[in-house]
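Consider the two complexes below, in which chain A is the common component and chain B and chain C are the respective partners.
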Partner chain A sequence: MNTVVASITYRAMLGRKRIWLLALLPIALIAFALLFRFIGGGDESVAVRLMTTFAIGTMLPLLGLIAGTGVIAPEIEDGTIIHLLSKPISRPVIAFTKFVVAASLMVGFSVIPTYAAAYILIGTESGIASGFALGALFAGIAYAAVFLLLGVVSRHAVTIGVIYALVWEGLIGGYVPGARRFSIQQWAQSIADQVTTSAFLKSEVALSFAVPAMVIVVVGSVLWAGQRLRVLSLTGDE
Partner chain B sequence: MSVIEIRQVSRWYGDVVAVNDVTMTIGPGVTGLLGPNGAGKSTLLHLMAGFLQPSGGTATLDAKPIWKNQDVYRTIGLVPEKEGVYGFLTGRQFVQSAARLHGLGIDAADRAIAQVDMAAAQDRRIETYSKGMRQRIKVAGALVHEPSVLLLDEPFNGMDPRQRLHLMDLVRDLGAAGKTIVFSSHILEEVERVAQQIEVMVAGRHAASGDYREIRRRMTDRPHLFRVRSSDDRRLAAALIADTASGGVSFTPQGLEVRTVDFRRFTHQLPRLARDLGVRLWQVSPTDEDLESVFSYLSGRS
Partner chain C sequence: MSQPTGVIHDIGYRHYDGPRLGRGAAAVALGVHSLRGAFGLGRTFKSKIMPFLLFGTMMLPAVVSITIMALLKQVPMGYTDYAVFMQPVIAIFLAAQSPVLVAPDLRHRVIPLYLSRPITIVDYIGAKLVAMIAALLILMVVPLTVQFAGELLIDLPMPLHTHEYLAALGGSLLNAVLLTAIGLTLASFTPRRGLGVASVIAFYMFTLAASAVLTGVLESEGYRDASSWSILLNPFFLVNAVQSNLFGTQPTEGLPFPSGAGPALILLAVVALAVTGLYARYRKALTA
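Showing the complex of A and B:
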């Protein structure tokens, strides 16, 4: 961890209008929860549906993309990263710091709103709120790491990320059961399923697969991002 | 005292060779990398700064490899050409962040800001700065740890004349103080004013090397091509061809084209010849005075 790198990154992510990019989806989630609550649809099945389709299925990957790529890709794109890289600081430490910032943003903008939305709907019933919050925490960290790596490796990180989240996890994962094993969303559901006693949630991937997979993905992505940063080349305008 | 050593360095991107077998040793003092756009100056500077891996050859700083060696940044200060600075930071915050990334205190930042004369604007956000101010605050960020090597990519671009002179003075002073300074530019006058040593790059090759007098001489003592229009081209042509200053005269619809072999003598003789002949000169203009032809001449010779 490097506090200077972290503070600059936080300011870049949260400064002025940028924060709305992160805040929009969680606000929508809370708004949905309040809406269902007041029109009387606040039962367990609605809560689980909102959690799986919106909180975990939509908000989490999109925020992961915004936070994970956002902490590093724009700086590589416009060259500001040179300010950090031209210093006697280990580049893997810079990558790790960026990851910690992205992961903490996921906690603030995804995990806490997920818990809050579920709590608004059904309180602590069946452990749904804590289950999905825990799932969002693990998956949020995994998304942050994967998309950080993508932001370092490719200039088209956002496009690739959207395709992964929407096409692979959303579409193919919906039809091809095998694809679900390699879906961060599904891993989140496995963890949520472990905590909640709700009968409305059925996870498809065994916890014994999901947890090690997540650990490998996080550690591997952050290490790889650090190595890629060590050999980052600047081509200049020529 | 630091020495950058570039030994038989090449760098290519796919099929495109950006830097081709360049060898140079750069010691204390100011060295100007001169060349037209696309000559490989930036690529060479990035190789020296550790932001590009040589495709062949070695780039070292005080005998230690530069690539993948973050310790070189204790010795190197880098001012990149791109305007990449965090616009949301104030100038002061930016330089302080550089100081803290080096493990230094606020006084180091204040000193660097004073050095580039930015104290008055230090509490404004960088996004409100002019291009010249951004350039200076980047220089402050690069000077914060008092590096013995300073690399600047096109540092005088986009500066107004006053800012340019100020930065030139600063660079000269730093060079006189024994720092190893390399900057790139495509403007000969700029390089001449600041650098003791000039390295000319043309099309990825190291085309010439020397102090500014030598480079200047090699640039002016070359065949020039002039277009001359006068009241009597034919008479003038006859007189010109009789003089040793010209190597050839031809008639074109736009007037005479005169190739000189002795630039100084030609510029001295032409008005005198015209006066003696009673020929009125309408136009005398060099047709190959652009940098490209100057550089391609230089590279053809070496």
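Showing the complex of A and C:
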């Protein structure tokens, strides 16, 4: 963990207009919660639907994508990473610092709005708010780690990440039950299901699979990203 | 034509006095170059992988339905909801390739260089828009046409779906125009490719989820009108609604789209807004 690298990364992520890319989706989530509350839809099924489709199903992977790849991929793309890599800081430490920044952005822009939106809709009823917030926390960290690794490994990180989120988790996960075991979204729902007592949420993946899988994915991704950063070669732009 | 006047500085370069093709030809050249770039032609192998992978995925349902037609003699999959069915693939293509068209010129600040030629800013934007529209049309029309050709050849014991096919072609054009306007405008706001991809796909996934959640909740709360309008948040459903109203085809999955000219007006307004935004963006790039 290097505080200087972290502060530079925060500035790159939050500076100027960049923050809107992160802020618009949580604002929309809160706006939906307020709208549904206003039209009188503040019951459990609405809350669970908003949480699973919008908060966990859309906002979380998207923010994970933006935060996870955003902390490192633009620097690799325009070559300025070379200034960072030529400093006497170990590369795994750089990777870990970038991961911590991405994970903290996920907490700020995804976990807290998720809790707030659920709280606006139904308060603390059935533990939906805390359950989904906890799910979003773990899944957000996992997304940040996986997409950080993608950002180091490939120049098409964002596209590959989108294909994972839309096609694998969205489409294939919808038809093939086995694919759901390898879906971060489903792991988040397992954790949420564990905390909440609401009958409207059914998780597909056992918690005994989800938690170890998540830990392995996070630790493995960060370590591998650090290793990849040690042998990173800067090739020319296409 | 022109006599050399500054003799000291004339180091003998030959002047070009052949025909000058002018503004139109320059715009066409830029358009063709951008269209090739959208499929990675004339670029490295790596930049061909993604567009061709997505194009191949778009072809899969057409191939499958030709097989079904040939073996089982059954109705092929609908032409009019091909785009709705394959919307993630089209959206990923749009997100992945829009920045390819606009980002490098912005990143290397070469817009003023283009404009030092006969080309104007409207020509530049027009060429980029037409190139992306053509790319999306190729992506959507080729599978439809292959499937229709298959239907013609196989000779099913039922009338041809010519009207559906033609309506789907019209819908593809609307889709291409709408998606291009949105995609290029969003992508042009950042000179970095990764962020461009992220912002276009964020827009799509937001509309996808927002339309699903709003429709479901509004319907269950008894706001039927508002619910049928909120489906249109998703650009693919918006185009599908316009297509059903315009050509009288069946809407996807019997969705209760609002009838009348409303959806078409929304579509026009969104396109106009996006193109205005794109124009404003390039005016700024010129002065910066």
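We take it that the second predicted complex is superposed on the first by the 234 of 238 C-alpha atoms of A that agree within 3 Å, B and C clash if a C-alpha of one lies under 4 Å from a C-alpha of the other, contacts with A are read in each partner's own complex, and residues count from 1 in each chain.
Note that a residue touches a chain if its C-beta (ideal position, glycine included) is under 8 Å from a C-beta of that chain, and two chains touch if they have at least 3 such contacts.
Note that the coordinates shown come from a computational prediction; the quantities given were computed from them, not determined experimentally.
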item	value
When chain B and chain C are modelled together on chain A, clash or fit	fit
Which of chain B and chain C A:15 touches, first, second, both or neither	first
Which superposed partner A:88 touches (first chain B, second chain C, both, neither)	first
Residues of chain A touched, compared between chain B and chain C (which is higher)	C
Partner chain(s) touched by A:49 [first = chain B, second = chain C, both, neither]	second
A:167 touches, of chain B and chain C: first, second, both or neither?	second
Partner chain(s) touched by A:78 [first = chain B, second = chain C, both, neither]	both
Touched partner set for A:230, first chain B, second chain C, both or neither	first
Chain B versus chain C as contact partner of A:178, first or second or both or neither	neither
Angle, in degrees and to the nearest 10, that opens at chain A between the C-alpha centres of chain B and chain C	70
Touching partner for A:4 - first (chain B), second (chain C), both, neither	first
Minimum C-alpha spacing, chains overlaid - chain B and chain C, in Å	9
Overlap of chain C and chain B interfaces on chain A (superposed complexes)	78, 237-238
Chain B - residues contacting chain A, complex	13, 18, 37-43, 45-46, 49-53, 68, 70-71, 73-74, 76-78, 80-86, 88-89, 94, 97-98, 100-102, 141-142, 153
Residue ranges of chain A in contact with chain C within the complex	17-18, 21, 24-25, 28, 32, 36, 39-41, 45-46, 49-50, 53-54, 57-59, 61-62, 65-66, 69-70, 73-74, 77-78, 151, 155-159, 162-163, 165-167, 170-171, 237-238
Touching residues on chain C, where the partner in the complex is chain A	43-44, 46-47, 50, 88, 91-92, 95-96, 104, 107, 189, 192-195, 197-199, 201-202, 205-206, 208-210, 212-214, 216-218, 220-221, 223
Of chain A, residues touching chain B in the complex	2, 4-5, 7-8, 11-12, 15-16, 75, 78-91, 230-238
